[in-house]
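Multiple structures follow.
You will see two complexes here that share chain A, one where it goes with chain B and one where it goes with chain C.
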Partner chain A sequence: MTNVETRWQKVHPGVVLALILTHVITAFLWDSPVLLVGQLVFLAVWLQIEGCLRRVLPFLGMGLVFMGMFFLVGPLFSSNGVTFLWKGPLVPVIGRLDLTLEEVVYAALSNLRLLVMLFGTMAYQWFVDHDRFLFQFARIAPRFVITSVMAIRLFPFLAGELQRITEVARTRGIYPSANPTFKERIAYGQFLLKPLLLSSLEGSWMTAESLYARGFGSGRRSFYRSVEMLDHEKLVLFVIVGIFGLTMFGWGLDFGRFATYPQLIWYDWVGDLMFLAVLAAVWSIPLMWLGRRNTD
Partner chain B sequence: MSEFIRIENLTYQYPEASEPALTDVTAEIGRGEFVLLLGNSGSGKSTFLRALNGLVPRFYGGTIRGEVELEGRSLSGLSQQEIVSRLGFLNQDPERQLLLATVERELVFGMENLGNPLAEMKSRLAEISQLFGLGPILQEKIVTLSGGQKQRVALASVLAPFPQGLLLDEPTSQLDPIHAEEVLHALRRLNEDWGLTVVLSEHRVERCFHVADRILLFEAGRLVYNGSRDGFVQRAQEEKKEWQAFLPPVARYALGQGWGEQVVEGGRNSVVARVEGGSVATVARVEDGSASAVQGTTTVADGKSHRQKIPLTVKDARAILRAGGKQWSGVDETGKTGSAVKKESITSGNIVVTKAGATGEKSVTHRLVTKQSGADQEGPSEAHPNRIQPNQAPPNQAQRNQTQSNHPNHNHATPSPTGQTFWSKLTSLFTKNKPDHTSQPNQPILTITKAQAGYDPHQPIIRDLTYTLHQHDRIALFGENGAGKSTLAKLLAGVITPTTGTLMWNNEPIRPDFWQQAWRRIGYLSQNPNDYFLHDTVEAEILFTLTRLDVPKEQQEIELVSLLDTFGLLAYRYRHPHDLSGGERQRLALAIVLAGKPDVLLLDEPTRGLDLAQKENLCRLLHTLPMKAVLMITHDVEFAATYANRVTVLFQGQVVADGEPDEVFGQSFAYMPQVHKVFR
Partner chain C sequence: MSLSLGLLIGIASLFALVLIWFEKSKTDEKKLAVIATLGAVAAVARIPFGFLPNVQPTTFLVMLSGYVFGVRVGFLVGAIAAVLSNMYFGQGPWTLWQMLSWGLAGAFGGGLGKVMERKGEDTVLRPLLATTAKKWTFVLFCALWGYLFGWIMNLWYIVSQGKYANWGTFFGAYVSSFSFDTAHAVGNFVFASLFAVSFARIFARYHRKLVTTRESVVQAAALSSVEKPREIAGVKEERAL
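So, the complex of A and B:
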């Protein structure tokens, strides 16, 4: 994954990170399905324009497994909502097993947020120059940067490890059938998860050891190349702060308001649609600005 | 030589470990010394290296006792930056220690961490990139580099801050012979020209033993030898025979063959004795005195002290052979002058020494053919004809042909602790319900024809390759990093599909449904045994495969015990696989693969990280397995020489050499075992 080269890696990492963070944070501000779906579509389009969307698909598969589990476990074991879809037996400790429309919608919204986070993480992987990011913060928060570097490296490392483990499993005749059921998918994923987890922990440990042995975080650093923010990048950063402010303003005006419990209430879906149109327009400004300048 | 590092009574125990990894270690390392750490896996070498730069206990935790001093100052009193600026550290896995995106960033990273000024960084970057020839790839992405390039960049980046010492933990274990040579050559230069102190832990000692100034030998966390290289050889020769396992192959071979030179002390001219069969045959004067490595002391009939020279390099060994072939004025066994060694010729693996003496000319043929001794008859595990024992020479063609009839499918059995023979147990497991369709030797089992394969259809790694695995093949597959060896193995195992070309099994084209049950026919062991561990106990791992084979419950227990016993894992039956040692994990992974009773076994670098004893065990095991064919990817030419009866070299996805080991080794500069080089 690290060998993906995009034009966004040439932009100051602080600016790109601010852009991505704006999306991830605001996804937790509102509950409206319209805004969440719109945000997801926007990120997907951005990834698609940069030719990275197809690379998300393998991770999307893994994400779907977790989402499916959440979808199953959450509504079944919680007892909220009033619109019953199914009433099950009383189970000691847990209580009644039931399924309400509100619980299902709540799980769906949570999964939408999970997808926004997944897309945001992918954008961070491919659009941020991690080295520059590292240099930027090493001076003020070396421990944080060590953790970040390990996390960053863990992701592509996991992808490579997963491929190898999947191949090995295949040589042992362990692979999903042509049309696997959900249960089969889970069982197959479990097979891969254990060796994946152990090898990734081992890999991260070695990386951390290497960082330590090379004196990272041992004291004041010097810099071989300047990582100063350019003027137009500063301007875009200002715009991003403005976008965040606008979002908060809209949120204060109850745009994106949606109640799941105790009963579903969508206060103003037309208003949400209009707000989404405005947001989509302002979200595009930094992308077009930075994208065009770097293309030039 | 001034003192650089001093270690006094060092004892260290990892957190939650039951025993110390290092016990009461005392040593000193001089400035500019080249120190070689020897010892079996788990003996404490890696921990010792990490104790020198404070990684233990600072990074790992645990309890430490004793003192480590760097340039006269206690390590505990030095800051991380002070230690790092003096000591560089390189481990065996370049993938895990290269942290940044481009070569240039990687090279300056260490200097930035130490806060070096920009002008200094620029000048050192220029120096180091010139020294390692990295100029043209400074802006390259790390991920695009080959394994050898990555390790070179890793070494260069550790050296860029100009440390005074370098600690290396098996830096060549993942490299092919050429790239390993490059790295070790660079180390040697840095040690000799820069005066860099080098502390190196290495299993493949053939390229570095002779340059070591000091040897530190570890056994179970204790330092059992700390002294000169020559002293080590002498003790290995005279009293600690088990230490011979740590000598370079050519030295072990020479010791085993009992040939070497005896140099008489006390005379102006060196006097050389050829030693044959452990006794002095001829003592002669060397006229040019070109030999360099001289060890051992013995006394012959003239009462003078003699040092027996054991070659440590191919050049040394050749010098001894050449010395034997000179016209030299010499002395005989009794020390009297007069005898002369006339001639020594080397023809197709045989050395013929013709000695002219008072009793007339007599020829002694020093055969480079393994004799089938009584020990050999005990079973292939002890002394396979293809295997170069310390007292054996490289086998010749006639002998290799003999291996066909000696194949485990034909004979031999090693007694097992349970009374049943090793071979009969395994054979019984494999032959049940499985008729042998390929009983004739040399019959093709698995063939690929004009295959093209890889992960990117536009950039195939395997290109137009035709290759066949035959009955009884024990193939060593060589090739530089990135040549396509693992891809070929995966292609043969059905993990990846060829974009063009065909695959045949027993001369019949493979259909897609073949691969669904291919794991019963083709066993594949990857580089990382951890990939095979899906359960919480050793037992469960094996039972998982047996259950999938539909083996009846009562039979499962029999097969389980038999397999675990065969692989020496019965005592660990209820242990977690990750609680096993490296060698045990690998045996378990192999047992898991073999539980599927495959006909063909594909092994991807099975000797990586194994010490000599573990390699010998693996070799013994592989010789005993009843596979129809085995293909082993390796960088370890010495191991291949002991095991393979066919050698293939892959280059850029194509086979460039394939044949009998003698034939391929004889034509190859990169892939030739050390002992073969002597007789080249």
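So, the complex of A and C:
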């Protein structure tokens, strides 16, 4: 997951982050399923074009389990809506267990919003170069940046180290049985962790020595590397601000309005569709602009 | 202001405060390297246990880091472990809340260490979690943090509901996560009861090395500042002779 390189990582991280944040924040503005689904599809297409969508799927697993549980439990314990699908028993403290159409739709919309957030986070993971992003804060938070960058570097190294320890153990005939019990698995996992802990702590000592040798702690640095924003990236940033403004304007005109409680009311789904078409067009502008400029 | 917005502002303010605290502190390069390493180890430690939902030694390792190295290191190790391990398991809206939960678990471990292992002249040399009472107190708090972690994590779901979050959402989230939280608590209990003492020994060995080096450097600096005038005086005396 960390080794994926996309052309977006070459774009200024602030611009890409602004683009992703616009999507995530606006997902909280509207309740219309049309706009939420549209936004989700747009993000999915963006990920697909960059060849990352298939990588999202394995990570969706746990998220979907939680979403499924919330989808079942949420409506059951809330008492809203008027279109009853099921009326259950009265339970002390909680009240009546019931299921209404409004609660189910509300839970579905919440999960759609969660998926938009999830796709947005995935886009951040793959489209923002973490090093370049962190370097932006090197001047104001040098200790935090150096610690984070070091940890990011160490993660693949330690994962490789763990693999190496596992292989060494296997060559010495130490591996769990074909059908290990829970206790055996835990014991084997801990058996691998101990040498990893010892070697990594020794390694951190070497890292500290290297830092010291390079003058860390002898005063503030005289030079900080930062990523400069190019002219066309500045323009795109203005466009993103404009998109956010347009979204707010549309929201002010009641586009995306959808009432869940007490009864489902979809005020203007045709208007929502038209607004989505306009939004999809303006959402594409930064993608096309930045994508084209950076692949020339 | 809605509940969700309040929670988001609260968590952002807490992270900003911790960041300022960390930047203003006199953390040397050795401690920085320890934070980065332990954060990465706690993150990597999730991998061999990925087959068990919500059972991983990260919480235990983060709390132990705090217990041995202090509150600040504990919080930062927890926050870093969340970000890094999600590079493997998948980032999501939950990452920020995992940073908070594990960060607080680490800070709590630091506080616990401060209370249980009272500072004295022999603090560095004394073995940690040496008595049965200390060991089981640590183990029980590790298990408790299995639940606390889940309860804090549930907030991300409530926040994601925006203005529509209500008591039903709140209750639903806590009921549906109960089995996962219990698995986490049981896992923490098992890890801590089996390995807390031996891992504490490894951490303490490194901590001892860290403190000893730092103290020897401080002592050397103090000695040199005392002896320098003598040497200079000696040179002057020789020259005078």
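Operating definition for what follows: the second predicted complex is superposed on the first by the 208 of 296 C-alpha atoms of A that agree within 3 Å, B and C clash if a C-alpha of one lies under 4 Å from a C-alpha of the other, contacts with A are read in each partner's own complex, and residues count from 1 in each chain.
Following the convention adopted for this analysis, a contact is a pair of C-beta atoms (placed from the backbone, for glycine too) under 8 Å apart; a residue touches a chain by one contact, two chains touch by 3 or more.
Since the model is a prediction, treat every value here as computed from it, not as a measurement.
Asks: Contact-wise, after the overlay, does A:170 reach chain B, chain C, both or neither (first, second, both, neither)?
Replies: First partner only, chain B.
Asks: Residues of chain A touched by chain B versus by chain C: which partner has the larger set?
Replies: Result: the larger residue contact count on chain A belongs to C.
Asks: Taking the superposition as given, does A:12 touch the first partner, chain B, the second, chain C, both, or neither?
Replies: neither
Asks: Contacts for A:211 in the overlay, against chain B (first) and chain C (second): which applies, first, second, both or neither?
Replies: Touch partners of A:211: chain B and chain C.
Asks: Which of the two partners, first being chain B and second being chain C, lies in contact with A:221: first, second, both, or neither?
Replies: First partner only.
Asks: Scan A:194 for contacts with chain B and chain C and give back first, second, both or neither.
Replies: Both partners, chain B and chain C.
Asks: Based on the superposed arrangement, let me know which partner A:129 touches: chain B (first), chain C (second), both, or neither?
Replies: Once the two structures are laid over each other on A, A:129 reaches chain B alone.
Asks: Identify the overlap between the chain B-contacting and the chain C-contacting residues of chain A.
Replies: Chain A residues touching both partners: 2, 194, 198, 203, 207-208, 211-212, 216-217.
Asks: In the complex formed with chain A, which residues of chain C make contact?
Replies: 19, 22-23, 25, 27-30, 32-37, 39-41, 43-45, 47-49, 51-53, 57, 76, 80, 83-84, 87-93, 95, 157, 160-162, 164, 166, 168-169, 171-173, 175-177, 190-191, 194-195, 198-199, 202-203, 206, 209
Asks: Which bits of chain A are touching chain C when the two form their complex?
Replies: 1-2, 28, 58-60, 62-63, 66, 69-70, 72-80, 94, 106, 110, 113-114, 117-118, 121-122, 124-125, 141-144, 146-148, 150-152, 154-155, 157-159, 162, 185-186, 188-190, 192-194, 196-198, 200-201, 203-205, 207-208, 211-212, 216-217, 260
Asks: Along chain B, where are the residues that touch chain A in the complex?
Replies: Within the complex, chain B touches chain A at residues 53, 55, 58-59, 79-81, 84-85, 89, 91, 93, 96-97, 99-102, 105, 108-118, 121-122, 125, 141, 143-144, 157-158, 161, 490, 493-496, 516-520, 522-524, 526, 528, 530-534, 545, 548, 578, 592-593, 596.
Asks: Per the contact definition, I'd like the list of chain A residues that touch chain B in the complex.
Replies: Listed in rising order, the residues are 2-3, 5, 129-131, 134-135, 149, 153, 164-165, 167-173, 191, 194-195, 198-199, 202-203, 206-224.
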